[in-house]
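Each of the next two complexes has subunit A plus one other chain: subunit B in the first, subunit C in the second.
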Partner chain A sequence: MIAPSRVGGPAPAVHPPEGLGASLGRLASRHPVVWRLSSLVLFFLAWEIAGRVPISYAFPTFSATLVALVSMMADGSLFVAYGSTLQPLVIGIAISGVVGVVLGIVMGLSRMAEWLAAPLFVVLQAAPMAALIPLITFVYGIGLLAKTLAVIMLALPVIVLNGYKAVRNANPSLVAMCRSFQGTKLQQIAKIIVPDASPVIFAGLRLGLAAGFIGVILAELLITPTGIGDLITYHRSVANYAEMYAAVVSIILVSTLTLAALESFETRLLRPEKRRG
Partner chain B sequence: MCKSVSGVKAGFMALALGAGLLMSSAADAGKVRVAFGDIASVESLHLLAAFERAKEQGVDIEVTYLKSEDIAAQAVVGGQADIGVGGPYALMQKVKAPIRMFLQLSTLRFYPAVNGQFYKTWKDLNGQEIAVHSRGSGTEAIMKLMEDRQGIKFSKISYIPGSEVRTGALLQGNVKATIVDSSGRRLLETQAPGKFVILPLDGVNATDEALFANQAFLDKNAADVDKIVEAIVQTWRDVTANPGVVTEWRAKYKLMPDLPAGQVAEILPYFQELAQGNAFPLNGGGAVAAKDDFAFYTLSGQLTGEPANLKVADFWDTRSLDRALAKLGTK
Partner chain C sequence: MAHLAVAEAAIPASETVVAVRGICKRYSEVEALRLIDLDFPRGKLTTLLGPSGCGKTTLLKIIAGLIAASSGEVRVNGKPVTGPGPERAFVFQDFALMPWATVMRNVAFGLELQGMGKAERQSIARNYIAEVGLTGFEDKYPHELSGGMRQRVGLARAFAVNAEVLLLDEPFSAVDEQNRRKFQEDLLRLVDKERKTFIFVTHSIEEAVYVSDRIVLLSRRPGRVSQIIEPRIDRTASPDAIRRDQGYLDTVEEIWQGLKHYVD
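Presenting the complex of A and B:
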């Protein structure tokens, strides 16, 4: 079909005034990642401006931090640092994950175990860990053991308490169904309670992992400077603020990516119904 | 877009300005706020006494204790403190912070200590592991300097923050070679006489702590700064002549009244040792100290560039010190 030609009248606007906003909105609703990216871009822009004002002599711009991050990756110092930071983190998270989930399930199933252990973990979760971590050194020295313990102290309580609450609040009608189908106690736990509790247990694991990252950085800043903690303290002491911020940003990135990976692992393997079509 | 960026920028400026105003209104007019980078200890008694003597000359001084030297330096740069204690060379060179040092308080006094069962001399440390305070610290620079001078190479440098922690590790046998401060050295000598060897350390003469302030503060408050500098230089000379006077000042000015008896007993030996070793900078450092520092801190990584090309005026403001020395004479 051919559009009727207009002669003499005002030329039609190629983009109506509200067109840009509307088309952006359409783009964003079709690709939600656009919103997320634009939020990041806005944040980095604000950072760049704040660094250029500058709000402090010790506050680098976003671009300087990015350059420092790339140069620390290029000279390998960042990877060497992660080599030593990840040791206590991985050991601590592995121990907290296994012990925490098992202990949480046991506490959820048995009142006796709950009375014995729950108060301890509630207190541990409420305790100001930054004040307690230096005390670890009095007993366990300054090595890998002390740092692993710091990770466990932060990660374990949240994993245990989530597991315990998840099991305790397992859907009673599902449990009753299992009983009416003459399921054994073991089947009731393995096939009904734990699968039903798994989303909250996984939420606990994610929170525990995030707490573990906090624990390992606290340990590296408060016990002995190694890995990322060393990069942060060293670059601060010689006033390389861009490098210092780059180290901080890198740990936030690694922590965020690890958490996202854990979440997608959970969605893919355990909760297929949550997967987006 | 440009307009909105400048709007945001203006917003930030307004915020920063508002914060600045809040801070300046919080600060009492005429009060000199001094920020220490550490808690007060026996080792800072003479400085506290010197501040009391400056107060007698009419300077209103308020001392606060912060977690580390970095934070004290940031407090001065940010305007929450007027004078800081430390050695912020990196801050001045790398981010061009408008602060200047104006009086040297102490030089690095450290003692390389080794377990006598294993090592006797510097040469024995070739290929061995040593422990120092932290990466980029003065203790590391001292050990690296000695590595060069002695023609040896350590197999590994490990980092254990805190001289008292390294002293304990040496006593327990966890490390065999490290570097400790003077109280650590005395502890080694009293706990295990003869077991540890203190290796000789010559020609290391770098600033450990100095007073620094914003250039604007130094320009505006020259009279107060002069009185503080005079009081400290005079105090350092008095302590060198008679170390026992520190105990008298502690009683007179009621300094650190809660000090435990064990530490009170340490006051006299500590100051006697420093006085005998002529450790107090009797002329306040100045340009001579700056030159020594350039050589040492370029080695440690705090400063970059050739020591000969660094300018004293970029790091020090010696006007108050020069006036004080003209009045008190040099030693």
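Presenting the complex of A and C:
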């Protein structure tokens, strides 16, 4: 840190723009948030320019999309749509999370459970879900149940498989340590295997949550025209492209914020050592 | 010297804590140990010394009850070993610290598993954290410590459960030379203070001679007992004097002569 600033020291007097760049760089390296914000700002700027060119008549500017987003919040249509999208999502993720983590841990601990269940989830994870989701309609209609099932079908396999792999790869030296101090099997699972596996289990939950968002939107686009999926379809059909993009942006925003919340919950609760440098 | 003499009198020289009888160990293809017979006397530090891969870790883990022997048996205080027990504590070569737990929780972990209350186990742990020189680091996580400090945590954890027999698997192998000497001196101080039976694994001849009451030389794989040496060294002398002591140097030389033909 010291050497480059000494070398670069006299330079700003001759080339002021470089000095500005260097000091901005230093600011950014000290505050990573600055990097992320400036990448967002650049992205929105590019979007605005692309919308003004315009690259397609169906492509709104960033500012028009923002206005549409605010107006959809004001007239309440966005919140009504989220009401019907989030319900199956929350139910589906809750079920996938609990069932997936428990099943994954059991499969990691028992060869028997592994043989019974692992092939099913490996196939499910590899299957093209978008093609399978319309099939749900034949069995479960087009209601809440069908949407919840779509979420579970996409979210469960990755949660199960991550949990299973994490437990199977738990640090054998820590397990031996626990045994050497006469830890019971239950203590071994609760105090060593699960905490050791928790980063990978949580990575599975994050992937499962992201897949759950895809599942619910796919279901709304493909089988039951309700919620955010319907909002997107409707605004596209009447050529309200700014509103359509606003709906898309809002779902990206919601899923990103949910994932970030899950991540901070994890570090806080299970892996306190990750909070420090 | 007087102090040592009293200790000798208090502990009958012949009393065996750990008895190893006819231990053999095969890993599917590899024969790791062949017919090991050994007695470990109470209150002594016995070292298992031998080339890499000769089965030192395997023998120590069999004594710990962490792995089963293919044949033969281990008795601790006359009782056959069938698994880990409260009278034995293990110090792992790779430390085996929980990365998500503080130094305090790691040191108290053996007591936590026994179901001891938090206040009680923390006060015991605090005592041993001080004993290994880590006071002030109670709330640090393992990744914030150096390799040497991590091994001290592993040592404190083993001391905290107050086992009779401490099993140490190359505890200083991940530590640099300066710290290693310091640790060897600390270990001797703890051996003297805690009056426990130590079984210590190393592949360093100097380390073995410096810390041990008895040295068991193991042959190259399959491991067998090739020689037992009792260094006669006056340990009341200063550490530097010991390292220049003629008895010390002679013993190092004797072991080196015994091991040399394995290297060729």
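FYI, the second predicted complex is superposed on the first by the 258 of 277 C-alpha atoms of A that agree within 3 Å, B and C clash if a C-alpha of one lies under 4 Å from a C-alpha of the other, contacts with A are read in each partner's own complex, and residues count from 1 in each chain.
Following the convention adopted for this analysis, contacts are C-beta pairs under 8 Å (C-beta built on N, C-alpha and C of every residue); 3 or more make two chains touch, one makes a residue touch a chain.
All values derive from a computational prediction rather than experimental measurement.
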Discussion item. A:I55 in the overlay: touching subunit B, subunit C, both, or neither? Say first, second, both or neither.
Written reply: first
Discussion item. Applying the document's definition of touch, where does A:A261 land relative to subunit B and subunit C: first, second, both, or neither?
Written reply: neither
Discussion item. Which partner chains sit in contact with A:P195 here, subunit B, subunit C, both or neither? Use first/second/both/neither.
Written reply: second
Worksheet item: Is A:I252 touching the first partner subunit B, the second partner subunit C, both, or neither of them?
Response: neither
Discussion item. Let me test your reading of the model: by the given contact rule, A:V102 touches which partner, first (subunit B), second (subunit C), both or neither?
Written reply: neither
Discussion item. Just checking: does A:A46 make contact with subunit B only, subunit C only, both, or neither of them? Give me first, second, both or neither.
Written reply: first
Discussion item. Between subunit B and subunit C, whom does A:C178 touch in the aligned arrangement: first, second, both, or neither?
Written reply: second
Discussion item. Using the touch definition from the top, list the residues of subunit A that touch subunit C in their complex.
Written reply: 173-174, 176-184, 187, 191-192, 195-196, 198, 270-273, 276
Worksheet item: So in the complex, which bits of subunit A are touching subunit B?
Response: 45-46, 49-50, 52-53, 55-58, 141-142, 224-226, 230, 233-234, 236-241
Worksheet entry | subunit C - residues contacting subunit A, complex | 61, 64-66, 83-86, 88-90, 92, 94, 96, 98-100, 109-110, 112-114, 141-144, 161
Fill in: Touching residues (chain side subunit B, partner subunit A) in the complex
5, 8-9, 12-13, 16, 70, 74, 77-78, 88, 90-91, 93-97, 134-137, 159-161, 165, 174, 301-302
